[in-house]
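Mind looking over this structure? Questions follow.
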Amino acid sequence: MTRNNQKWYDKPTTKLILITIAITWMFPLFGFLLSSFRPGESIKRTSWWDAIYTGTIWSELSFDNYVEVFRAENLDRSFYNSLAVTIPSTIIPITIAAFAAYAFAFMEFKGKDILFLFVVGSMIIPLQMSLIPLVQLFKDGIEIAGIPIIPALDLNGTFVATWFAHTGFGLPLATFLLRDFMMGLPKSVIESAKIDGASHFTTFFKLVLPLSVAGIAAFGTFQFLWVYNDFLVANVFLGIYKPENLVVTSHMSQIVVGRFGEAWHLRTSGAVISIIVPLAVFFGLQRFFIRGLIGGAVKG
Amino acid sequence: MRKSLLMTFLLLTLILGACGGASLEGEEVTITGALIGEDQEGFRANFESFTEETGIVVTYQGSDNFEQEIQIQMESGDTPDFALWPQPGAVVDAAQRGMLTSLEDLEIDIDAYKTNFSSYLVGLGTVDGSIYGGANAANLKSIVWYQPAEFEARGYAVPETWDAMIALADQIVADGMNPFCFGMYSNGASGWLATDWMEDIMLRTGNGTTSYDQWVTNELKFEDPIVKNAASLLSQIMHTENYVVGGTDAIVSTYFGNAQDPMFSKDANGNPGCFMHRQASFIPSFWPEAAQAGVGVETTVFPFPVIDESLPKAALGAGDMWGAFNDRDATKAVAEYMLSAEFHAAAAAMPNNARLSAHTGFDTSLYSKDINRILGTIIADALAADAFRFDASDLMPPEVGAGSFWKEMMNLAVEGPGYIDTALANIDTSWP
Amino acid sequence: MKQTQEKKLFTFGISTLALVIFPLAWFLSQAILFRELTEQVTRNVLVLIAIPLGSTLVFLLFLGMDRLIKLVPRDSREVLEARMFVGPSIFMIFLFLFYPAMRTIYLSFKDRYSNDFIGLENYKWAFTDAEMITTIRNQIVWLISVVLLTVFIGLIVAWLTDRLNKGESFFKSIVFMPMAISAVGATAIFKFIYEYRPPPLTQIGIINGIRVSRGEECYNNRIIDGVLEGYDDASCENAVGWLQQRDLSNLPIADSLESGGWFSNLLINLPINTMLLMIIMVWMYTGFAAVVFSAGIKAIPGEIMEAGQIDGASELRIFRSIVIPYIKSTVIVVSTYMVVTVLKAFDIIYVSTRGDLETNLLAVKMLDEFSKYRNFGRSSVVAVLIFVCVLPVIVGTALRERENSRS
């Protein structure tokens, strides 16, 4: 796997191209971030590059926009709501998927191929396709020929509805990625455990789970970001007309889009606030994330 | 342990509920709607005195995404007590699907409601003889914003007829400036400003309100000469060179809320970017802060010009209409309050309020600004004289009113006058 | 003979238990417990309880199943265990994806309020309505362009960063970072770049800012020596509403194209607004592709690369004939993922143009048919279309999986 450290192809052109790409990628953020510290009237009167050019920008910068956004009612409550939606919505699918992935990776059973195909195939069902049937399911349950399979649970507007929805939507990818990751683990270890007479349950907990931490963390980060950044599912299942149910994204979308067509100072600072948490999670867990993806997607 | 705790909770709530008795003290009523920002503040303020008196806690939550959310909520059964729709058509639709409680069941005095809000408005929320929609605040659309000082400085007179407006526009172009501001970009609703223009012209041509009402139900086709004439008058404004500041590009690209900004911005010669902006009474809340202070004085309105002088004067407007999802006692109380003349008082007193009460008995002295008093009186008078007409695109089926009509107006702006026939034919085809 | 039948019955019973009864019990208990909690406790307590309890309850499901397994004779344990491991996953996917999808297909044959069957009427609409045709066209353009661009740029970044002695993870992080930003946030960022304001207002979006400042006397309302300098209409270029341009005809370049042949005709019809919106998605997902490819390149055994180097093959040749074949399957995985992501693309259009001026995509159209036009039948048809578009992807993935498990 390891190649010799001396890289024969490290050339200035490579660096030049990469730096160009990096600047291109950061550029959209730059003016946006800068504007989040400028007063609303200034943003409209002078473009940010002119403000830099003439030097007026340095005296304008302040945290006023952030203060204004934070003064918006109960932003902290929305933040707690986001966590209450996001954390279980990340852990539940990982748990369920890890067990399934283990079975698909190491166990032999009838119908394994078909069931796995079912999991992979459902990855492509667009979540928009599920929304309406699901709100109806949460309200009325399911009946087949008059026999209630699932009773009317009246779950709309509760956290648990979003957990279930995110679990359902996230499971196919989670199962797929974790299975791939587990298949990359050394088979000999699992086989030796079998010879020792350990049950699958024990092998899973004592051996495979600790070895899969990177893969689990990778999907966990992915799911966390996805759920935290989502606003469609939260709006549909939590119902935003109850102000106590707002999550950060829907709260922000009210500030960011709202009726403030020209209020770029609120749009920018609002958007920046809403991306701080996911960015922190991303940079904090980046190591896992990238390592986990390697295990998942690269096998030859 | 856990179970007994839950049981205690249950018992406690039961006891507390029973002690409340017949009083509505502490009852909660939820309302959702599309009003956000300052309108939301005003709408909430309207309930403060009501809550003090009755103890009913009313929460309003507006959303940018309201129309989609309410559809999902109706499917899920997790509805609020009221929804405040920006189009009466949506109330009718919800009522037809059996989602709403009629005003009769809410024990509303229907005769008084008709007298207070006019039979026309009440009729918009009626399905098979039952009334489901509650009229609320309205806005006036048949107005053109301008700055008297700029007119006077150049010796321009306020045009009273269409021909006079065109003459003035030509004059302004000849003087090297642009007469109109026109921007109809609006996320998800682009094109509505052009449909508003069409409606104002329709009310002033053909058979006035009669042909307007026929047009709304497609009895009068879009391909009818009356509608074609209206479209070509609109095209005259949009496509005559130098009429609109920034040209057709500005028309389709400018967010409607920013469209008037050129009027407040002077070029190097001290000339404003434009002189006239036909837009509804709510537009000042989108202006730059400095301009908002001068609403009604520095920047004010003249009525949309007369086209056919033989027709009686008519006013175009729009407004919100609520529907109720249940007939709880608290819901009834709130419904009754929302139809009273006092309802809009708190919002009217707020400094930046732009919503006007549609109650003909509303005390106009309560408005914080003179301009709102004038506009509010125009609406009340027009309602009383049956000369008020609701925004046609809000009354047409959504495929047309929120679909093809808007879209084809955008296309018309881009394509030019040669596209009129195609546009109108396409709209007729899309009528369900 | 009888014994095998009994065994069959037993296995069947256990399978039902694992695939249906157990997950259902967990589903119902979690649902009812938290619904009751929502009603009984205050908000803060709820949030406090919900996070730990909501996350851990699912473990009880598996623990309980493990206990049960211990009661079963050893020889049938393996089968049972496997069913129990996969059961909850299959159950949730069935209930939350498969069942709703089936129901949507069913509704696509019914009328606007799902009352009566109307046969293929909705499908006829989907392929004849002018806006639907544009939407389908856009979806195809998005699929091809976004997938190709993310994969292509991703490969370049992965290949080039791999050559660096240091700073590799720094570059990858920068390109990868937009993945952490919500599509709503990313769209807000790009709208700020594409921003249009009518003249004579100052252009604050940088693209229009550069446009109107080109030329010697053009200032974009800049303050120079304390004097506000506007731009002069006649000689300076006009600002353009970028997200409202369906083709190039409004740009100066159009004049030089108009006289040209079929190629310029093709060029002049380039939908600029759609292209600019696609850039947002490319910006967001290229990093993902790059990181995965980079891992793939790292997995190439050093000897193979060195062999190429010793042969004196050019870098491009090494890339083409060693790297690409080696990471082929990774490329397919990433492309598959991107195809699915593009088909689900919703937020970008929803918060930027909401499908105006021929920018619509299927997912947005579906929701608009549902909420704006209130036509459930048509809405379902659009959902089915999205589904049909991804069918080839399932088949592809399935075939690949089969090959993998064979090898």
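When the chains are written out, they are named A, B and C in that same order, and each has its own residue count from 1.
Rule of thumb we're sticking to: a residue touches a chain if its C-beta (ideal position, glycine included) is under 8 Å from a C-beta of that chain, and two chains touch if they have at least 3 such contacts.
Just so we're clear, the structure is a prediction, and the values are computed from it rather than from any experiment.
K.L.:
Going by C-alpha centroids, which chain is farthest from chain A? Tell me that one.
P.N.:
Centre of mass proxy via C-alpha means gives B as farthest from chain A.
K.L.:
If you tally contacting C-beta pairs, which comes out ahead, B-C or A-B? Let me know.
P.N.:
B-C
K.L.:
Between chain A and chain C, tell me the centre distance in angstrom, where each centre is the average of that chain's C-alpha atoms.
P.N.:
That pair's centroid distance is 12 Å.
K.L.:
Once you find the CA centre of chain A and the CA centre of chain B, what distance in Å lies between them?
P.N.:
39
K.L.:
Roughly how far is chain B from chain C, centre to centre by C-alpha average, rounded to an integer in Å?
P.N.:
Here chain B and chain C have centroids separated by 37 Å.
K.L.:
Hunt down the residues of chain B that sit against at least two other chains at once, touch-wise.
P.N.:
69, 72, 187, 258, 261
K.L.:
Identify all positions of chain A at which a residue touches two or more other chains, and write them in rising order.
P.N.:
Within chain A, the residues that touch at least two other chains are 44, 131-132, 154, 253, 257.
K.L.:
For chain C, what residues touch not just one other chain but two or more?
P.N.:
201, 351, 367, 370
K.L.:
Could you please specify the touching residues of chain B with respect to chain A in the complex?
P.N.:
So the residues of chain B touching chain A come out as 30-32, 36-39, 59, 61, 63-65, 69, 72-73, 75-78, 80, 187, 255, 257-258, 261, 285-286, 288-289.
K.L.:
For a test of understanding, state which residues of chain A touch chain B in their complex under the given definition.
P.N.:
For chain A paired with chain B, touching residues are 41, 44, 131-132, 135-136, 138-140, 154, 156-157, 235-236, 239-243, 253-254, 257-262.
K.L.:
So in the complex, which bits of chain C are touching chain B?
P.N.:
36, 40-41, 113, 130-131, 196-201, 228-230, 238-241, 243-244, 246, 250, 351-357, 367, 370-375
K.L.:
State the interface residues of chain B toward chain C in the complex, per the touch definition above.
P.N.:
6, 9-10, 67-69, 71-72, 93, 97, 181, 183, 185, 187-191, 245-247, 249-250, 252-254, 258-259, 261-262, 265-268, 273, 398-399, 402-403, 407, 410, 414, 426
K.L.:
If you look only at chain A, which of its residues touch chain C in the complex?
P.N.:
1-5, 7-11, 14-15, 17-18, 21-22, 25-26, 28-29, 31-32, 35, 43-50, 54, 56, 77, 80-81, 83-84, 87-88, 91-92, 95-97, 99-100, 102-104, 107-110, 112-113, 115-134, 137, 142, 150-151, 153-155, 158-160, 163-165, 167-169, 171-172, 175, 199-201, 204, 225, 228-232, 244, 249, 252-253, 256-257, 264, 267-268, 271, 274-275, 278-279, 281-283, 286, 290, 293-294, 297-300
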